[in-house]
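Next come two complexes, and both contain chain A; in the first it sits with chain B, in the second with chain C.
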Partner chain A sequence: MTRYALWRIGAVIPVLLGVTFAVFFMLHVLPLDPIQVMITQTSSGQAPSASATEQTIANLRRELGLDRPLYVQYASFLFKGLSGDLGISFRSHQPVVDLLLAQYPYTIRLALAGLLCAVVLGTTFGIIAGLMPGSLVDKFLLLVATLGIAAPSFWLGLMLIYFLAIVFPIFPVLGVGRPEAILLPALTLGLPGAAIIARLTRSNLAATMKEDFIVTARSKGLSRRLILLKHALPNVLLPVLTVIGLQFGNLMTGTVIVETVFSRPGIGRLGVDAILQSDYPIVQGFAVVLATTYVFVNLIIDLAYMWLDPRIRYA
Partner chain B sequence: MRMIHARCLSAARIAISASLLSLAASQGAVAQTPPLTQGGTLNWAFILRSQSLDPNVWSGNSDVAVMRQIYDPLIWSSAPGQYEPGLATAWTISPDGLVYTFQLRKDVTFHDGTPFTAKAVKATFERIADPATKSLMTGAIGTFESAEVIDDYTVSIKLKQPWGAFLANVSGVALSPVSPAAIQKFGAQIGQNPVGTGPFMFDKWVGNDLHLKRNPTYNWAPAMMGRTGPALLDGIVVKEVPEASTRMNALRSGEVNLTHFPVLSQLGSMETAGFQVIRIDQPGFAWSFPINITKPPTDDLKVRQAILATINKDQVVRSVMFNQAKPAFGPLTAPTFGYDPAVKSTSTYDLKKAAALLDEAGWKLPAGGTIRERAGEKLKLEMIMFDSGPNKAISELTQAMLQQVGFDVTLSVTNYPAFAAKVADSQYNLAQMRWSALDPDQVIPTMFSSRQITGGGQFNRTRIADPALDKKIAEAGASTDTALRKKLYGEVQMEVMKNAWLAPIYDDVWFWLAQPSVKNIKIDLEGRPLFYVMSLAK
Partner chain C sequence: MSQPQDMMADMQDGTPTTVLAIPATRPRRRKPVWRRLLLSPSAIALIIIVLLAAFAGVIAPYGEAQINPVAALEPPSFAHLMGTDTFGRDIFSRVLYGGRLSLMIGCSAAAIGATIGVLVGMAAGYFGGRIDSIAMRIIDVLLAFPGTLLAIVIVAVLGPNLLNLVLAVGIASVPGYARLVRSLSLSIRESDYVTAARATGVRSWTIIFRHVFPNLRNSVIVYATLNIATAILNAAGLGFLGLGSKPPTAEWGLMVADGRETLEIAWWITAFPGLSILVTTLVIYSFGETLTAALDPRQSRQ
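Up next is the complex of A and B:
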């Protein structure tokens, strides 16, 4: 198991190299000029004017190192990255590492809270529906789950704000500050995942309850409760773990929208703003952080899978 | 005196307008009854997190309004083209218009306790001019040559060429002095640790919330504020709320006291609910479609005139802006210094005229067809737009209008960087422009000078290169004679419209929404709030 874990951790390196390479060249292949974007975006809609001269533009290009050949820029990005230096933001002149570190905890907190919502709601409703397949309750929950998958989180967030913060002022509108403020953003983020987990749990449970070993357990006179907890659920929930791993990627990307709707800080917002402003160092740093998180979460899921499922462990 | 054309839609309309006007007009008289409450922290929902609060280097849209509270300019603009003392008590201009000498206040200290002297002013100009600073605000120092400290409280700025808009720029945020000691201490990180002389000072960042606190030693407010001493509010929390409907909801729920960039369709209901709605007509460049005169078919004057006659601005204002803005008639908005009302006569909505113009230009409707043709070629227009605020809705509506008279319009709505790339390629017939500025010199040269076709920010989106026009723009820019500048800028505006170089749509307007508890709301000429005079009712 240790060897497998080490091999998986080692595999992170080529993944990250690939990600940085892809992001770097994608940014540079696009016909965008960060300096042009910087000076025109700065100037529009404000005074006094920043009608930057050609001299200013040339100076900026040189100062930001954008006049160097691409491979030099990429090599410099990689070597500095190895020592934890992801460069300086074109706009705010702050180190990208500092910017990402300041925002990352907010995103992780939100993603974990969203995951918790997804798992708790998804498994609970999935078990309820799975125990009575074909019933009215089952059909109703299936409908809700389908809507949950279909509803865009942008809309869902605004609706939750409207009903639970304005019509019934239980929660704050802004998703940061008070401890309970994270609930609505987490719910918005977690509901689509909850719907997927609920459907999976339901169908797995409904199928498992018909398996021979359950029939055997029943014929032995075990209580319904014991059958569910001891025999059915461990089999039902294992595939859910895989879905959680896959969902975590969705959750991380979903934070971009949820952070915007609920005005929460986070790397999603930082990254998207940077993309819209062609602030290359932040975009690169954002991609590295996102990819690292995704890879590590899936590594943890894989290891957990091995630990939970003896068939994999001894294979 | 036209301080701010603030039209308040709520019941507080008269009270606020009156207080704005009295503040502007009384020039020092305190016109407040009843007395304003001291204390309290105002929560301000802002569209974007401030990226850097270093005015000399950067003035991103999100940051200028915040920097207004932290930094003071040498002089304040109380009305377009009019200035009053700020950190400078008096100023003189040499007869050749090249040397501006400022007498400075002697009682001013920066937030870090260091005294404000002539050295700080000199350092400000030199810092912007220094390439190592990577300043994007070099346009604000214009033709700056050198700065000289005459004594501790007298500084003179020498220009290479006379520059009519120099004082307008000095009154802006970009040339506000930053503490030289703090620049020394924080280096490039000064933008995250701003130290100015303003009524509020930087306190801390909490997540994306910027906390400002009252400057207790502040005693150098300009006369236009109508009061003296430190600010009334204990502090301001600038909260980043990027989504418009969330800003509205946060105001409704009481989590924020003041916000901007509202959902236009909700203004009526907010007003009914008792919120204060304040409307600031923006000086500067109107929201317009610059028309590329180098790309067919808009290289033909008749086609451009047909475009202008086809666009029904009233309908745009009605259906996209919910009647909250006014139609524009020329490149400059009505409250801008030098705006020439004569432009109103140049644009009329007339579909028959548009059709006739296109017929004259040889673009005929084929029998049974809806797209005009000339010698087998279809009448095609490329419209480029970036998705922000009402841009998408306006361009879609305009696209539909143009199709009515037989244009085949391809609309490409993208994010800003992609739009900027398309502008650089010049592959468009209609683009977009809008810019807030106090002085026409901050917009006219940028939009119509031939230097801006391939150079600078390539803001000359009409791609007009006319030596006579360049000369006139240069003459207006160099002059310090107000009447002559008005005349020349008036001529430029008429020339732009006569040649149909752009289709103006609406005069930009900014909205501020506040809870009823926010008292004495005052907004500067460029639409930035002045929290120094505001208070919160308990």
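Up next is the complex of A and C:
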């Protein structure tokens, strides 16, 4: 168990190295020369040749270390990144780390609220449907869940705004300061995950209720509630945990869209704006931060799974 | 695949058959499967969607970017089935043109993902060893980018436009194919006919294309069908963010974004393009399920 946990924690390192290298490689080697981009950015629309001579370009290149071999550049990027230096934004000339840190809490708060929505709605409706498979309620919930998976979240968010904030003004649309303003964005973000969790919970529960140990518990005369809580749910909800981990990744990128739909601040909005403005240092930081968060969340989920499932714990 | 069923069906008929008789029954059983597939509700719905999109130029009552300021922001009516937007463009016509674009994006992206993913997956699964380890480590790294982040980063690198969007969504779907095909190839590699082919000295890639690929083709077709729906959803999401085609192109994601500002007074600008995405992905998903049932009866019965 400890050995597996240590191995699982250790396995994060090569993945993180790979992720940082992939982002570094994609953004440093493939696109146009970063120097060209930078000069075009700073000289605000003028032709690069008009403001930058060969000499200044060469100087800038040496200054930024872009004349060094690629692996040296990557190593330096990695070490700087570890000490909290992700470069300077081309546009605002502020440190990328500061920009990301300012937006990160908004995104994490939204992602967690969305996750809460997904888990609560998903397990609740999944259990309801799973207890009466084949019934009308079950069929209706299955239909809603299918719609939830197929509906594009950016459209769902706007439709929720239209119906729940404009036609029937129940929820506020904007206003990041107010705590209730997160409800609609969280719902938008969480619904696709809720649909997936509900479907999984439903089919797991329906299958588990036919198992021998449930039949035994029932023949002992245990109440339905006790059977559900003590015998069925622990078996049903454990696999759901893995899906929650996978869903968290979708939630992280879902925030990019939800932040745009609801005009909320956040790391996703920052990243998309940076892409549209070719501000590569921010794009780089945005991708590394999101991927790293995802890798660590999955690590935590895996460890939690191991700790919760006795079959793995004592293996 | 359908051998046990054939034998059971024949035995119920009361005619004892040997294993040798099976090939003769094959053509007879093949036809109904495809007919059932084509006549299924989801297939008919899909054909209608494809026809509407393909003949957008003929069906659409107005041009894709035909501006008419006099008729701006009109609600749905007989003249404009889905209303008009701020420029007076007919939403219904634009939804049809957008459908053509979305289906092309979805299919191209799925084709890119399937081609690369299947080749990588077969090579990794068949050759094993170092090729497998290297391919799978790269796939692991790509899978560490959650959801559409990989597509977003690729668009960031290549620059936000339509062609790059297709490439990005396609490349982002490679890991899924590669993992599926690798695991299938691993088991096919162990089968006797592959061993036999190898023993007679058939070259590796010939074995891969003659013996491995035909056995995983059905699974790839089903996966690709679902992947088209996912690709349409992802591409529309990136289009919504402004990372795809540029206005005035009629693209569903972009059209939903267009309606955002006027949501309060003109819900139809946002509602119909989004509804089209929803209907299209739903139809493709359910067609995928029908396809699974037709191509792999064992799996669908579970």
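The rule is simple: the second predicted complex is superposed on the first by the 255 of 315 C-alpha atoms of A that agree within 3 Å, B and C clash if a C-alpha of one lies under 4 Å from a C-alpha of the other, contacts with A are read in each partner's own complex, and residues count from 1 in each chain.
Note that in this section a contact is a pair of C-beta atoms (placed from the backbone, for glycine too) under 8 Å apart; a residue touches a chain by one contact, two chains touch by 3 or more.
Since the structure is predicted, the reported quantities are computational estimates derived from the model, not experimental observations.
A.B. asks: Going by the contact rule set out at the top, does A:Q277 touch chain B (first), chain C (second), both, or neither?
C.D. replies: first
A.B. asks: A:H93 in the overlay: touching chain B, chain C, both, or neither? Say first, second, both or neither.
C.D. replies: first
A.B. asks: Which of the two partners, first being chain B and second being chain C, lies in contact with A:G249: first, second, both, or neither?
C.D. replies: Only chain C; A:G249 stays clear of chain B.
A.B. asks: Under the stated touch criterion, which partner chain does A:L60 make contact with: chain B (first), chain C (second), both, or neither?
C.D. replies: A:L60 sits against chain B, while chain C stays out of touch.
A.B. asks: Where does A:T260 make contact in the superposed view: on chain B (first), on chain C (second), on both, or on neither?
C.D. replies: The answer is both, since A:T260 touches chain B and chain C.
A.B. asks: State whether A:L158 touches chain B only (first), chain C only (second), both chains, or neither.
C.D. replies: both
A.B. asks: State whether A:A150 touches chain B only (first), chain C only (second), both chains, or neither.
C.D. replies: The answer is second: A:A150 touches chain C but not chain B.
A.B. asks: By the touch definition at the top of the document, which applies to A:Y4: first (chain B), second (chain C), both, or neither?
C.D. replies: neither
A.B. asks: Would you sort A:V15 into first (chain B), second (chain C), both or neither based on which partner it touches?
C.D. replies: second
A.B. asks: Intersection of chain A residues contacting chain B with those contacting chain C?
C.D. replies: In chain A, positions 30-31, 158, 161-162, 166, 260-261, 275-276, 278 sit in both the chain B and chain C interfaces.
A.B. asks: Within their complex, state which residues of chain B touch chain A.
C.D. replies: Residue positions touching the partner: 45, 48-49, 51-52, 57-61, 64, 131-132, 134-140, 168-169, 172-175, 188-189, 191-192, 207-209, 239-243, 245-246, 249-250, 252-253, 255-256, 283-284, 415-418, 420-421, 423-425, 433-438, 442-443, 445-446, 452, 455-459, 526.
A.B. asks: Given the complex with chain C, which residues does chain A contribute to the contact?
C.D. replies: On the chain A side, the touching residues are 14-16, 18-19, 21-23, 26-27, 30-31, 146-147, 149-156, 158-159, 161-162, 166, 248-250, 252-254, 256-257, 260-261, 271-272, 274-276, 278, 280, 283, 287, 290-291, 294-295.
A.B. asks: Could you please specify the touching residues of chain A with respect to chain B in the complex?
C.D. replies: Residues 30-34, 36-57, 59-60, 63-64, 88-89, 91-94, 106, 158, 161-162, 165-166, 169, 172-174, 176, 260-265, 269, 273, 275-278.
A.B. asks: Using the touch rule from the top, collect the residues of chain C that touch chain A in their complex.
C.D. replies: Listed in rising order, the residues are 137-138, 140-142, 144-149, 152-160, 229, 233, 236-237, 240-243, 253, 256-257, 259-260, 263-264, 267, 270-271, 273-275, 277-278, 281-282, 285.
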